[in-house]
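Both complexes shown next keep chain A, but they swap its partner, so chain B is in the first and chain C is in the second.
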Partner chain A sequence: MVFTSLNFLLFFPAVIILFYITPIKYRWVTLLVASYFFYLNIEPVFGLLTAIITLSTYFFTRLIDKVKDDKKKSKFMYINIAVVLMPLFFFKYFTAINDGIFNILEMYEMRWFLPKIHFLLPVGISFYTFMAIGYTIDVYNEEVEAEKNIGIVALFISFFPLILSGPIERAGNMIPQFKSDLKLNHTNFSTGLKLMLWGYFMKLVVADRIAIYVDAVYGNLSHHNGDTILLTSLLYPIQVYADLGGYSLIAIGVSKILGLNVMPNFNRPFFATSMAEFWRRWHMSLITWLTDYVYTPLAFSFRQYRIFGIVLALMVTFALSGIWHGATLNYVVWGLMQGTFLSIEALINKRKSKIENQYGLKSNFFYLIFSVCLTYVLFAVSLVFAYDASFKDALMVFDKIIFKRGSLFLDKTTLAYAFIGVFMLFLSEFRDEYFPKTLLFFNNKVFVIRLVSYLCVALLILWIGVLNGGQFIYFKF
Partner chain B sequence: MQRNNIVEKVKEILISVLEHEGFELTDDLVAADVSGWDSLTHMIIISSIEEEFKIKFKLKDLNKMRNIGALIDIISSKIS
Partner chain C sequence: MKLFIGKLLLFVLLLFAADFLSGNVLSKYHLKTKNINLQNANYGFLHYDNDDILFFGASEVSHSFISSMVTEETGLSSYNLASDGCGIYYQYPLLETVLEKHTPKVILISAYQLTLEGSDYLTRIFPYYKNNEHVKQVVDDVLPNESIKLALKGYVYNSQIIRIFDGRNDNTKGYVPLEPRSDINETQNLVELPAGEVHKIPSNIKFYFIKFLESAVSSGATVYVYVPPVLEKINIPYLNTIKSITKNSGAKLMDFSTDYSLLDRKDLFNDKIHLNHNGAKVLMDKVLAKIKNDSIY
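Right after this comes the complex of A and B.
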């Protein structure tokens, strides 16, 4: 069951009704049952994974809380991290490692005792694994107390709006909310519905429409010329943003309706003027998770090397982020590119700031546009490696863009519909970025304007949305 | 060492690492309010403080440094 399925449109109102008729004290139980129903509905055996991760996390966090000796606390933390990481490692990397050994031995005409096996990655496994790890480290660091009610821990790990693709929430934010009096109210209901509506717009009108063009070109690179591939490479970042950004808004909206505040995942990333700023606005729940639990411990260990320690920590963090996205050379290159961009910025940052202040560049319109475009292009270049293709294909993209120009492949209907969606999305974000309190539609004081806005967006989804489109991109991670 | 002396030395370190004086060092001041104090410069500041006061922080201490007041308290507890 996914947010864009008809089943979800039946499931969610049913959850709201059940939630409403349950006594306030036990509403978390309704959410827990609904969450397991939601996840088991995708594949019953996946429930075993969430159950194992919950039991292990509950047991070890309680132990961390109980023992006094710091060495023992640290040992229990590492044991739980190893236990909860095991399923993720197995499902994500077993195929790559097994196939690798199989192929190497085959080159020397030897046989590997296992055949090539391809396991299906349990959807959402990365996200709840990261949440469980974060919770364990937070308990160790005395940031949060170990929860005594196993049901609440189970709900934190399996909460249905977040289980498939995040946002990767923190126990410090969610557990106190699950334990509080959860109430339905008009304001939350209305805010949540607005977020959901815009999330569906981003996914169905923008992401899935662009996907038709991107898949047609990237899926058949040898038949397309450089100009077409250039346009595709520039469109792909918008598709990924609208896909995960749309998913996140629906997840945040669903949670809001149930009275729960979930952290934002994006903050208008394409208005960033540097890569460092971009990564403070893009997939924020993942990047703050990586900062807190990977980058900071690494940078702390390397701190005696000053700026070079920071560069090393950045490179390792983003290389790991790349390997998490996929056990392929492409994703490692993607990760190392991000690490390199950020390291260069860290090294030249002070000099850059001095020049910007000296010439008043920060308020210069053309400099601003240049910085925004440069950041976008750098990200788009790196994202060529993040599409599901081989390393050779990624190199072909650059080869064709530079050397094999030609006339643009114009799928007029797809591009025209995509343009309407992208234009509306960027117009709305431009307003939020530079003129946040003007030209309001969803939040206008006049009821009629609000109503017309909702209807227009809903009709646009029905009119030009891709209602039989693909899955969410981040389900494969 | 007096708290005031610690505050003065921390201020000097911040000015030296961030290369500006555009902040007022109060107990409530947080990194997000100071231009240039991000996750990258933070570690250089931490390392400079360790060198200046000849102390060693633990990773756990970092999480407790919610504002300048907390940072100063941790430094004084390490010195004493």
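Right after this comes the complex of A and C.
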């Protein structure tokens, strides 16, 4: 069941009604049942994985909490991390590693005893695995107490708005909320519905429309010339943003309606003026997770190497981020490119700030535009490796852009609809970035303006949204 | 909370009202549209009367089959019912609708882009869903939940708004000429297709293609399956499947995929897939010669 399916539009009101009629004390039970129903609806066997991860996490966090010996605490933490990571490694990386060995041995005319096996990747496994690991480390670090109620732990790991694509929440934020008196109120309801409406707009009008063009070109690289591929490569980051950003807004909106506050996942990333700032605004739940549980401990370990320790920590963190996205060379290259960009910025940061201050560049409009565009282009270049294609295809993209120019493939209607969506999205974000609290539509004080705004967006979704119940990009991670 | 529920109900009510109103307005403009693709659809699904020679397919047909030239040469009326980007899910209900009114002498369908099945293209038949059982059958089969969405009047015209208000009517009986282009040059060489990948025929597409041919042949018309000249390497497994289906159905194959009198002349192409107007004229001569050879006229 995906947020854009008709099933979800029936499922969610049913959950709200059940939630409302359940006594406040037991509302978390309703959410737990609904979450398992939501996940089992995708593929019943996947429910076993969440149950195993829940049991292991509950058991070991309780042990960590009980024992006094630091060595034992640390041992239990590592055991649980290993147990929790096992399904992820098996489903995500076994196929890739097995295929790799198979292909290498085949090159030398040798036989590998295993055939090429392809398992169906359990949707959302990377997300709830990270949530379980984060919770385990937080308990170990005594930042949160180990939850005594296994039902609450199960709900934290399987909470239906977040299970498929995040945001990757923290136990410290969610568990106290699950245990509190969950109430429906009109402020939350209204805020949640607004977030959902805009999320659907981002997904259906922007992301899925751009996807038609991007898939037509990237799916048929050999047929298209450099100019067309360049336009596609520039559109793809917007598609990914509108896809995951749209999903996140719907997830946050759904949670809000149920009285739960979920952390934001994006903060107008395409207005960032550097890669460091970009990564503070893009997929924030993943990046803060990586910062807290990977980068910071690594940077601390490498502190004797000073700036080079930071560089090393950045490279390792983003290489891991790449591997988290997928077990292919492309994703590793993508991760290493992010690490390299950030490392270069870290190395030149002081000198850059000095020059910016000396010439007053920070307030210079053209410098600002240049920085925003450069950041966007750097990210777009790296994202060429993140499309579902081979490493050879990614190299073909650059080869064609540089050497094989030609006239643009103009799918006029698709691009025109995409332009309407992108224009509205960027206009709204431009307002929020530079002129917050002005020219408000969804949050205008005048009810009629709000109502007309909702109607316009809803009608646009109906008229030009791609309403075929398509998947979200991040489900595959 | 009561005030909020009241506002929410007001929003839902207004949304349905706006949808109803916009759907009706778009319906009127859709019938009057000057966009050639939508006009072709309206002609085939609503206004078709009794043409003798009909062409079905996607852009490789709409830009290549000059209906007026057919009439001039044969004296038989002709219409190019092809619609850019539309696959077999569009062609099949169109054929069934046409056959209910009249049996043409010749039916030609392109086998090149049967697999076009994007939702954007299927939306082209949504306006006929309510009153056309063939469209209903295909949509309900391919997109089972669509019937619920199609209760919304505005959704019927999803992704069609720009097309409805875009276009000019040249009364070309469905044919859309393309200008010659100077940038079809040596750099655009034949492209190797991954065998069996790009043009693999999904089972449902194959099912409707076979149904199309069966209906067309059993109507008594002479049926041709057209394989266009394109500047791509031939996908042999795909072509073999098409040949076998064509043979089993009793239709005739009109294969230009290896016609080097066309393929060697890049000046006849607008791009790798589409012939320009000069190319269309050359192709029509060849098509008409084949039809004449089969004693159609």
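Keep this in mind: the second predicted complex is superposed on the first by the 476 of 477 C-alpha atoms of A that agree within 3 Å, B and C clash if a C-alpha of one lies under 4 Å from a C-alpha of the other, contacts with A are read in each partner's own complex, and residues count from 1 in each chain.
Operating definition for what follows: contacts are C-beta pairs under 8 Å (C-beta built on N, C-alpha and C of every residue); 3 or more make two chains touch, one makes a residue touch a chain.
Just so it is clear, the structure is predicted and the values come from calculations on it, not from any experiment.
In this superposed model built on chain A, chain B and chain C occupy separate space and fit side by side. After overlaying the two complexes on the shared chain, residue contacts for A:291 are found with chain B alone; chain C is out of touch. In the superposition on chain A, A:466 makes contact with chain C only, while chain B stays out of contact range. For the combined model, the angle formed at the CA centre of chain A by lines to the CA centres of chain B and chain C equals 160 degrees after rounding to the nearest 10. By the touch criterion stated above, A:22 is placed in contact with neither chain B nor chain C. By the touch criterion defined above, A:223 reaches chain C but does not reach chain B.
In the superposition on chain A, contact is made by A:186 with chain C only, not with chain B. In the superposition on chain A, no contact is made by A:41 with either chain B or chain C. A simple residue count on chain A separates chain B from chain C, and the partner touching more is C. By the touch criterion defined above, A:453 lies against neither chain B nor chain C after alignment on the C-alpha atoms of chain A. Of all C-alpha pairs spanning chain B and chain C in the superposed arrangement, the closest lie 38 Å apart.
Residues of chain A that lie in the contact sets of both chain B and chain C are absent, per the superposition on chain A. Those residues of chain B whose C-beta lies close enough to touch chain A in the complex are 19, 36, 38-40, 43-44, 46-47, 50, 59-60, 62-63. The touching residues of chain C, counted against chain A in their complex, run 1, 3-5, 7-8, 10-11, 14-15, 18-19, 22, 118-120, 143, 145, 148-149, 152, 154-155, 157-159, 161-163, 166, 181, 183, 187-188, 191-192, 198, 232, 272. For chain A in complex with chain B, the residues that touch the partner chain are 141-143, 276, 291, 295-297, 299-300, 303-304, 306-307, 309-310, 313-314, 346, 349-350, 353.
By the touch criterion given at the top, residues 5-6, 185-186, 189-190, 193, 212, 220, 222-223, 404, 406-407, 412-414, 416-417, 447, 451, 454-455, 458-459, 462-469 of chain A touch chain C in their complex.
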